[in-house]
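Structure incoming, see below.
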């Protein structure tokens, strides 16, 4: 049993590393669209890739933060962002792969965020919120630093994917599924929703309001 | 004596619940003015309503945050924001009531923020700063997520109301007034200033500077 | 030996006070360029001057924050920002002095940030990151509150100066230089790079990318 949990944690960790690299790459492209300089690129990568976990840990008082404990994460994400400058043209041709890896990052970050809150003994609403913050807050920080309204608030089912993943993961364990089965099920369902949303342009209805309050 | 303090705390708590709902509603309208989607509305409500207390608690190292301890606050503020979509037209006709309840929220949040710093034994400048951050930082987060310069920095006597409320609350206790009297006095004065500022369009003078430094 | 370290710490503290005042002044001018009101000016000063250290302390779980322990810092930086309104015309004529003092602030904040991480026993990558965050994050908060893409990400060698200062400070101690010599060397080199970058308009190459990912 231990070895199975160990294996699933190793897979989760490997997917986490893929996820932070994919997020750093997409952050570098966002930086390039605003003509940031190389230092800006090198900073926006780690902020985007590691920012979701950082916001979660700061809100939950969960120290040390993962990149403080593993400084290599800072170097890997800054390096991935800088490397993107050199290979940007090829990234465009590989964009479907990167969007897929970014989606993998979203569901992995969500599951990891849920796990942190579960380990802290927090109630289920906070477990799901913790997963959502971990999955989504990095992209919100990226958009704030690009002086944009967060994409998360305007389009795509990004946050919805995080909530679905969190609910299925927690719900799977609640109905008695094995830990690994719950994780796999939640991640596959979240990934499927994200890919279908990208493929068919699914989005939430918008709320349009034109009055001012005073 | 205990029962009186208990009563004043119950009133403060009831006003707090009214305040977070009112702030969630005004946040939903701000989201609507930027055509955010329903998920964006559901997230901007809690961030605005609970963000001031969260910023205060993170800065003061005061854990757990209120919404981590009371996850229902997350659900109530997200629900209030979503409900606003359905009733937005009526909210416009009720806008004076909402501006009033938003002002109630401002002074209640300020008093609660002062109380947190007092309970931590912090000096008086930090007590007033804590009140101001609790009252105002949620709206600053809302405006950052809307990619706007915070309204707080540009117009209205919002922060001034928080400072006045904090100073009167702390000052009232310092000159020997009963705790409840200080709270009531500070909140009524802050509320009066806010309503007069809205009614007569009072604002701080602006600092206009057109040079660049280099 | 004690008295020498004591003297160097006193110099560092004096330079820190100069640095926070200079940053509050430049923040007030940024507020003036956005026509913020006096309260906005009084708030943007402390956020900019003390925000770098606050972000560092929140990320590292290092409490209490410096301005919570020394509330006078809040009053000094708010006062410096407000005073700038009165003397703004003269600040323009003194702009070279202020840019110099702002650069002094950058290298002093960086060294202080490194010291905080060293005292917490953190690895060298985090020591340098801590210095950079302390030196740069206040300006990032200022630009976010002005709804701008942070200057740090777009122009000037600001973050590069912080990294150089941090690397030389840590490296100097690693090769066996005395503590004071390392500090002096790192600060002089960082200051020289910043002044040369301002004088000759040095900047990082930009990354320009025009595609969207999907």
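Chains: A, B and C, in written order; residue numbering restarts at 1 for each.
As a working rule, contacts are C-beta pairs under 8 Å (C-beta built on N, C-alpha and C of every residue); 3 or more make two chains touch, one makes a residue touch a chain.
Remember, predicted model here, so these are calculated numbers, not experimental data.
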Exercise. Looking at which chains touch, is this a line, ring, star, complete or other?
Worked result: complete
For this session: State the superposition rotation angle between the two copies chain A and chain C, fitting on C-alpha atoms only and giving a multiple of 5 degrees from 0 to 180.
Result: 120
Exercise. Measuring from the mean C-alpha position of chain A to the mean C-alpha position of chain B, what distance in angstrom results?
Worked result: 30
Exercise. By residue number and range, which residues of chain A touch two or more other chains?
Worked result: 58, 61, 144, 147
Problem set entry | Of all residues in chain C, those that touch chain B in their complex | 26, 28-29, 31-41, 43-44, 54, 58, 61, 63-65, 68, 71-72, 74-75, 85, 88, 92, 95, 98-99, 144-147, 198
Problem set entry | Sites on chain C touched by chain A in the complex | 58-61, 122-126, 129, 140, 144, 147-150, 152-155, 157, 159-160, 203-214
